[in-house]
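Note that the chains are named A, B, C and D in the order they appear, and that numbering of residues resets to 1 at the start of each chain.
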Amino acid sequence: MLGPRVWSSVRQGLSRALSSTVGGWASGEGRKVDISGIYPPVTTPFTATAEVDYGKLEENLHKLGTFPFRGFVVQGSNGEFPFLTSSERLEVVSRVRQALPRDKILLAGSGCESTQATVEMTVSMAQVGADAAMVVTPCYYHGRMNSAALIHHYTKVADLSPIPVVLYSVPANTGLDLPVDAVVTLSQHPNIVGIKDSGGDVTRIGLIVHKTRRQDFQVLAGSAGFLLASYAVGAVGGVCALANVLGAQVCQLERLCLTGQWEDAQKLQHRLIEPNTAVTRRFGIPGLKKTMDWFGYYGGPCRAPLRELSAAQEEALRLDFTSNGWL
Amino acid sequence: MLGPRVWSSVRQGLSRALSSTVGGWASGEGRKVDISGIYPPVTTPFTATAEVDYGKLEENLHKLGTFPFRGFVVQGSNGEFPFLTSSERLEVVSRVRQALPRDKILLAGSGCESTQATVEMTVSMAQVGADAAMVVTPCYYHGRMNSAALIHHYTKVADLSPIPVVLYSVPANTGLDLPVDAVVTLSQHPNIVGIKDSGGDVTRIGLIVHKTRRQDFQVLAGSAGFLLASYAVGAVGGVCALANVLGAQVCQLERLCLTGQWEDAQKLQHRLIEPNTAVTRRFGIPGLKKTMDWFGYYGGPCRAPLRELSAAQEEALRLDFTSNGWL
Amino acid sequence: MLGPRVWSSVRQGLSRALSSTVGGWASGEGRKVDISGIYPPVTTPFTATAEVDYGKLEENLHKLGTFPFRGFVVQGSNGEFPFLTSSERLEVVSRVRQALPRDKILLAGSGCESTQATVEMTVSMAQVGADAAMVVTPCYYHGRMNSAALIHHYTKVADLSPIPVVLYSVPANTGLDLPVDAVVTLSQHPNIVGIKDSGGDVTRIGLIVHKTRRQDFQVLAGSAGFLLASYAVGAVGGVCALANVLGAQVCQLERLCLTGQWEDAQKLQHRLIEPNTAVTRRFGIPGLKKTMDWFGYYGGPCRAPLRELSAAQEEALRLDFTSNGWL
Amino acid sequence: MLGPRVWSSVRQGLSRALSSTVGGWASGEGRKVDISGIYPPVTTPFTATAEVDYGKLEENLHKLGTFPFRGFVVQGSNGEFPFLTSSERLEVVSRVRQALPRDKILLAGSGCESTQATVEMTVSMAQVGADAAMVVTPCYYHGRMNSAALIHHYTKVADLSPIPVVLYSVPANTGLDLPVDAVVTLSQHPNIVGIKDSGGDVTRIGLIVHKTRRQDFQVLAGSAGFLLASYAVGAVGGVCALANVLGAQVCQLERLCLTGQWEDAQKLQHRLIEPNTAVTRRFGIPGLKKTMDWFGYYGGPCRAPLRELSAAQEEALRLDFTSNGWL
């Protein structure tokens, strides 16, 4: 849990941001803020006419609030951030901030394609209450996004961000793995506190943990499918789409790992793999939202061009949950 | 949502398009506008402080105006459109429109990630003077962008666009090839007039030409490297980054192809492959802009996170031009 | 056509090989043998019990002998060479040699994984009557097959081969594109006469033609799908699986290209793309063999683990021919 | 075809396997043999003239014999099996069998491209003393190697093999991941006992363990880089190239995992990642053999076309060991 000293720093950072004296977050004594734990990357609910449904968002958060999550990721890939306007992105974060208890960390996705836009969005996210910014790699020109370019980008963002920065590598969407050497270099920045790695390569995750071991740098697994394995190699938490529907189970898996109950952890992990794949790689956000409907949350439609599932896909999705005993 | 003022403008744009006789277009009687020819995808000049430099943009256009281009692509991948704000995107198109003679076609890149944003941007592009909209495939969720999703997306955009729509497939950036069956279906839409295909697979280009032969559908090669081969299989033009620096030569290659002088065309094509690769896949927009500086245009810096070339890269870039007799 | 001088050299090379004084083929005055033209890569017929059916092989060759092919490729990818023993590979080549008129070129696939085995197979292929050896890139360790390794491999093979060597790049099978710089270096070897390139990237084909223009080096397109485009950028022929079933048409396409009848060539090329894809990438050798059965040749079964087509696949295969007017 | 003598031997081998109590195997009552543990995939030593050096092979085995390995893999990817003749492959296995104590399991790689050749090689491997056959996926026609083809292939091999079969999936070499559904189907075959999975995707490994949990099916990690994570999700051992040089350490990592000392395991695992990558993906067999030279084994040259490391590569290789405290 965040101690009083850390939260004091957070608040200082926030107030600095609000008073427009942007220029780096300093947590005293060089310790970075602790982001360990489980985070659902919340979806953005839409009405039938594709407007953001803030009421449903708050209802979902209220229901999710019963689980021992460390916090929430807002505007991650599952939040359909590329489909929101800048003001919608900020409004969503603002509403989540208001709906959350102060002890829940709000990680806000603030990545844009240009460095400048990312800096501006990050500052704005801080202003509306984000505790840290999760910054996805720029990707349209991924052929040019070598280590030098990415180090420059993230350094600039972290220099100017009033809140801590979490790197975010999600090759399935971006076509780009943030190179390990870039991660290691960036881990030395005082305002970069960790990485969310969604690639699923635990050799890489282990190597990042190993090579940043002197940097107080934290790795979050980007999916529930390799959460146990990530803990085993040194990750400290996870941002798991599946936690939107099986929140208790993902938190239980965390607890089993942290308390060294590896056999039970393994059994639970096994039963989460297919459901996790179903709501991520296999059926994407439409699959996740459909499942949310089943589990008592509001899923609802995605914005176009994302399409709802066909009947056959829905059946396959359901089977991935029933065959593992979750429905 | 689009407000009344916007839709009023949309209708004006639409009526202008329908009644337009610009560039020999005859859009009555179901014939689609003729977009054949060569287009440079213009770069967006920036000042040293990364502001759009509209003066330099106009100077470049003035110099490029001496070549027999059919028109210009604005806000294509080479225009760094993902790094511009919406208003910058529109302002750039507006300025280009003002700088261009009326007989030059202005193809404006209006693609966004969501269908709704793409519709709005397309409508706005029409308002500021674009003759047609070039719409890149949405890509962040490319794992979900199957034919059904893309057909739905483009149909919606074409239904609501006051100007003709050109499909745009550029897998090197998007990780996504617009599937041939989707292209064939979309070719039947009265407001979809063609495709810019940057993938370089001429078997695919030939197949698209073949399967849309009854649809008055036009294929533009997306790069000068396979321009001759594209003409040979039925393409009617090209959008060629290289035309920003070797405009006369790319137009000459077009002429040689159109007049059946294939031997000379081949010799010229050969000498353009390495320079073309250098300013596209190999060194990207930084390479293109550096070369523009050499050839008397304003290249200047890119916006971050794109980085300028190293001295070694610059030397390799130069060699690709000198070894082929262009510098 | 091969003139008497060339064939005299071939015979000299062969006799040298037979007398075990292997060490390079010298065609006098430095001119390389002319391999331009169309080649079907013949399939290997098997009986119901998976034995090589030499009788059917000869029957197929007899029927194919009516078309103006320049020669035949034996033991290419379509010959299922990885499924044959060394002695079967040689026996097949030997039988084909006996069945062919002397003026047809026999290109024999002699590639193996190790350099030593490739050299031995190449020498043996020469002994049983191959006119030239087509040597596929080694591929199991493709992660290590950089330019240096491949240049070393092919140089060794060419040094020791009694017959001319044709490079063979087929990334769909090998996961490896023979790098252009390696091709350019190897084109300078007196016993390397050309390349069969099956990758389908005509920008690359054009570049190879351009950069080897002083080397008397010949490029053969590896598939009928991009044959016209390859001619347009300087290829001199093709090795086309489709020629096993539409031999007249592929030869006609060649003639149209060589005589500059590009419009007719384009129409014919268009109608060959889908059938070609069907018997190569889409349905593989099982598709090719099934189609051979339809066209009056012996196709028959493949060796396991290749499987025959399902009824649905067979129907889709047939549609690719009927919809283009070939069945 | 297999002759009577061979089949007699086959039957003997089969009966030996069935009655065997080697290594705690109990193959009566439908239980599959236990293959859990660590295996080095031994390299094939060559002389300066590229002959197999059986003396050095035995010396290496003698040195490796001091570690608590469960057994040895012979003719895996690290054994350069594609570069050996069939008789060399068998002779190597035969020599290893003679050099090994009876309680060490000998897993022999017997995969070939055709099903028939694989069956014959598997039978022969059994005859020369292999305890089980490790069968790599056929790969040259990987585009056709769907689940149906692979299930058919492995079922045929397992039906006719006198020794248990271990599936082997190594996408870095083959371009092919044996599909999970095929693995699950094949796990039900009484003569298929497990899989060596070298892909490094632990989500997949966990899923395979989960979906074969009722089949007495065993998963071996194919590399030391994800060994701990694999144990964490239910693997029972590993085939680790790194065990050829850091045998004690890999066995220690196994022990730490099996005894639940996860913190120490993690620290050790971390220090093995870079050395492991160096002798596998980064520098391949040439890197592994060079390192063997450093650690007191005989590495020696590879067969061409594999090339020895450059001085710069050698230095980088060394750094991966020194920086982790192993040299």
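Operating definition for what follows: a contact is a pair of C-beta atoms (placed from the backbone, for glycine too) under 8 Å apart; a residue touches a chain by one contact, two chains touch by 3 or more.
Just so it is clear, the structure is predicted and the values come from calculations on it, not from any experiment.
**Q** Using each chain's Cα centroid, which is most distant from the centroid of chain D?
**A** The most remote chain is B.
**Q** Once you find the CA centre of chain B and the CA centre of chain D, what distance in Å lies between them?
**A** Using C-alpha averages as centres, the distance is 52 Å.
**Q** Mind checking the centre-to-centre distance between chain C and chain D? Centres are C-alpha means, answer in whole Å.
**A** 35
**Q** Counting only residues that touch at least two other chains, what does the list for chain B look like?
**A** none
**Q** Are the chains arranged, by touching, as a line, ring, star, complete graph, or other?
**A** Topology of touching chains reads as a ring, each chain with two neighbours.
**Q** Which chains are in touch, pair by pair?
**A** A-B, A-D, B-C, C-D
**Q** Show me the residue ranges of chain D that touch chain A in the complex, using the header's touch definition.
**A** 200-203, 206-207, 209-210, 213, 223, 225-226, 228-229, 232-234, 260, 262, 266, 269-271, 273-274, 277
**Q** Tell me, which parts of chain A touch chain B in their complex?
**A** Its residues touching chain B are 50, 77, 82-83, 85, 113-117, 138-145, 148-150, 152-153, 156, 172-175, 281, 284-286, 303-307.
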